[in-house]
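One structure is given below, represented as structure tokens, and several questions about it will come after.
Here the chain labels run A, B and C in written order, and each chain numbers its own residues starting at 1.
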Amino acid sequence: MNLKKRIKKLKQIKSKLYKKDFLLTWEKSPEDLEMILEVADILKQLRDENISPKVFASGLAVSIFRDNSTRTRFSYASAANLLGLEVQDMDEKKSQVAHGETVRETANMISFLTDVIGIRDDMYLGEGHKYMLEVAEALDEGYKEGVLPNRPGIVNLQCDMDHPTQSMADLLHLKKEFGSLENLKGKKLVMSWAYSPSYGKPMSVPQGIIGLLSRYGMDIELAYPEGYELIPEIVEIAKKNAKASGGSFTISHSMKDAVKDADIVYPKSWAPYHIMQKRTELLKKGDTAGLDALEKSCLAENAKFKDWEYDEEKMKSTKKGKALYMHCLPADITDVSCKEGEVAATTFEQYRIKTYHEAGFKPYIIAAMMFTNQFKNPAKMLNKILKKGRKRKGM
Amino acid sequence: MNLKKRIKKLKQIKSKLYKKDFLLTWEKSPEDLEMILEVADILKQLRDENISPKVFASGLAVSIFRDNSTRTRFSYASAANLLGLEVQDMDEKKSQVAHGETVRETANMISFLTDVIGIRDDMYLGEGHKYMLEVAEALDEGYKEGVLPNRPGIVNLQCDMDHPTQSMADLLHLKKEFGSLENLKGKKLVMSWAYSPSYGKPMSVPQGIIGLLSRYGMDIELAYPEGYELIPEIVEIAKKNAKASGGSFTISHSMKDAVKDADIVYPKSWAPYHIMQKRTELLKKGDTAGLDALEKSCLAENAKFKDWEYDEEKMKSTKKGKALYMHCLPADITDVSCKEGEVAATTFEQYRIKTYHEAGFKPYIIAAMMFTNQFKNPAKMLNKILKKGRKRKGM
Amino acid sequence: MNLKKRIKKLKQIKSKLYKKDFLLTWEKSPEDLEMILEVADILKQLRDENISPKVFASGLAVSIFRDNSTRTRFSYASAANLLGLEVQDMDEKKSQVAHGETVRETANMISFLTDVIGIRDDMYLGEGHKYMLEVAEALDEGYKEGVLPNRPGIVNLQCDMDHPTQSMADLLHLKKEFGSLENLKGKKLVMSWAYSPSYGKPMSVPQGIIGLLSRYGMDIELAYPEGYELIPEIVEIAKKNAKASGGSFTISHSMKDAVKDADIVYPKSWAPYHIMQKRTELLKKGDTAGLDALEKSCLAENAKFKDWEYDEEKMKSTKKGKALYMHCLPADITDVSCKEGEVAATTFEQYRIKTYHEAGFKPYIIAAMMFTNQFKNPAKMLNKILKKGRKRKGM
């Protein structure tokens, strides 16, 4: 569709994203989510057609990464740069945060000329989301008191509960693969635990997936070995979502059985809820010996489920033997990145390029979150961009 | 006042900031300082009115931080970004400086396309300012010899002697709080040492404060426990300044007595001059045991002055019980960031938002230093910015 | 010459740089190299005349440094910034590369909105160039499969074989010093090993120099103590180049004799080929004890050749006693950066400023590599820049 028409259609979507942080997808309305998907895709098309959507002459996009990251870091930087913002990393090793500064104060100190703050904080259960709310509250106060000329918007780049930039990129990928959100109705999606030689992978990806994709009328099956539960509250949300959207939500305990007739499979390792609780306690206490012991026992437990690998045989049992394979990357690929992992090399290889496409939506999803947070009328601003038609590259 | 008028008034200020590094406020004329304050405030108003003062299409703003920093780092990045420069961090861990390169050479190597260099070097007594002069000399030579197309301006982001971006931001804050620089005449300002559970805090903040604020006819009282002297030469400057401006400068040894009837209080910990001298020697020798012993004895000494906390009782004794509390942040707040600190929690809380406002001027002060260093006729360039009226955000 | 004329003359150069990575100078045609030199110099003149060649409204220039670097890092950042790209550092310590990600995947993940990737990888013999080819292949696939909207160009910022941004900057320096490339014919250039108190310096600089400068009809003499060989294949390339260009290429084993009557001298330490092979093996095995032993024996071997210092006496024997001294910097200067080094302090001092000028071409060489990789018709785009005449600084 041409850009003019697409932008015009945007006007019909009644979203309420302006000046609202994007923390959890389940706090957002269907219109909000649709708006993000559409704006993301329009921004992508603009760039593909060499039109620059640079709407900031200056401004900072602060990033706070409390965990290592390649792809989210680059996605965030790309999104900020596309819109004209400069990334400024709040590196806690370089900064004074470690020296007893309060979140409240720091949040203001880094925000005087800041438009967006992206935060990744997924290490401690019960902490990441809470931390974002604390930052949000501090920014609200700073703005109210005239300390900050604008209220910077917060983008959740992964917390202990949700990973909305990932799940929204995944949703846009599905929309593209199946033609529309409508077409997702009745499709079977299996979010399955998978074996990995590491332990302690965050739950935010599977939680993000079931929390979001349950809203589109799909039959969601969450499969994991007994004991590998996710946060119960989020599972409840998924159940409710599924029901409300005319889909279903079931939990089962065999990857092999679950993937039968699936249209979409998402095999991915995570550490179970009760382990994450224990781990968080030990981390807070700084109990190294306890952490080592926990890791050992977890790895031993994991090792019982090495057959939770998505392989050729399992793939054959999916719908027409070719369910769409998804992954947030990097996957633990058997014989490639590890000896025994989440997915067989030959199986992964068939969908490798598709997982790259999947990941490629993330910069635009983040840009759309920034854009809709900052502009009350996204359609109007996008129209201006189109009219101005400034080249992204060249003159 | 509207921007056009403000900019017009600028023309009457005969400053000589063009192509001059900003290292120490006491090297600058009253007109120079007035120009910085005015340009900073105009840049702030421009941005608040969504007009972009981006005057560089490209160019680097190099930052050299030899000590950790959050707020100065972000202030510098914000200032550079506002004017269109990109921060490039000269991280000595990432670079070859440690491998025997001379300052002279490095200064040139990082400056081929650089417009500004911000330096923070406050660790070693007698080193920070000296280092900046060395860099300046190298840049002078490089420019003279045609190695550098421009002579990048140096902004002192804190040295062993002065912290001009802090003290100038503080001055702008005072100007706003009291209505004008004129109104500061006759006001009593107390720069007081305060207890902190850490030792070795730089003297550059109190030195910067007495070196600058003594120029505006105030009655400055510098209070500290006996033995906690600042660099004598800078105290002499403050005395001379005070006299010349029709104010006064006294030294006393009780926070409790000093703050009586004060209009403004600035309670802040620092390590005394003779300790800093000893510490610098030990640091240079790499004498870890010596440093540990010094720290221990200093902390024991400090502990004698835990009553040097600014609290409710002391505040009550100030002018009308509500002297303006100032701090460069982060403050050591009793029961918040430490057990016993520089200021009581309830006292700090009453002025917390004001300290945020105080800090909020720093990015603009730095931007003004960059701007006046780079443009011979700031009024003319500001007029062009206003006329062009390019939006900072939006299109 | 004025810019209009210079740009017009560009049209006659039939280069094939568009969409081609710049990895090794010996893969490039004479026209390719001429184009780079010319575009670099035109970009420099544009900036010197305060015209901004910013041709990207947004876009990332990724940098991957697998070794410390100051000057190349700043040169790369300056080049990217000049053209409008934002540097995003792929810091392996901050990223997940260490955790088993394949090059193929990462190359795509960092490239969704990326226009250029600069890579420095000179530590392991047989690895750096290979790594760049792997990245290139991954980008080719990503582009072909529609994952990447553009194919980012790769700029070799130093590998185990070549250091093209250095050697091209050196060539531009020589062109300026001698008036033209034509004038280099018949000149004697000595690339000589020199003593340094460190060991393990990469061979890419001397290899880059003999591989490139042998193409301009000079008499190249490569001098080193017996046993300090470079990679044989590259020496062969230099021999062939020299012959084809009407010059000569000889190898000798005395710095003292070699520099006699030289027009240009390039005294620089490196670790010999067979040592680098051994070292690479040990590094791969993580054999620390072996590495220590190797270092010890190498330093002992090096110490036999302390007279390989370029000093006043040797300089006197060069053409008219004033051969042009070159160095990639930082040099090991006797009594300045070390006790005994590559060059005597007084000798270096006479050419110090010239080595700064030499280094000053690097940002423009890199910018020219980016520019010619991205624009099919560089003359046309440079004309647009000139016509538009947007100020680099000011309004």
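Just so it is clear, contacts are C-beta pairs under 8 Å (C-beta built on N, C-alpha and C of every residue); 3 or more make two chains touch, one makes a residue touch a chain.
All values derive from a computational prediction rather than experimental measurement.
S.K.: Give me the superposition rotation angle from chain A to chain C, based on Cα atoms, as a multiple of 5 degrees.
M.R.: Rounded to the nearest 5 degrees, it is 120.
S.K.: In terms of residue numbering, is the interface formed by chain A and chain B classified as same (over half shared) or different (under half shared)?
M.R.: different
S.K.: Based only on mean CA positions, could you tell me how far chain A sits from chain B in angstrom?
M.R.: Chain centres of chain A and chain B, defined by C-alpha means, are spaced 41 Å apart.
S.K.: So which stretches of chain A touch two or more other chains?
M.R.: 86
S.K.: Tell me, which parts of chain A touch chain B in their complex?
M.R.: Residues of chain A touching chain B: 55-60, 62, 86, 88, 90, 94-97, 99-102, 105-106, 108-110, 112-115, 141-142, 145-149, 374-375, 381, 384-385, 388.
S.K.: Which stretch or stretches of chain A touch chain C in the complex?
M.R.: 47-48, 52, 54, 65, 68-71, 73-75, 77-78, 81-84, 86-87, 329-330, 332, 336-338, 352-353, 356-357, 359-360, 362-363, 390-395
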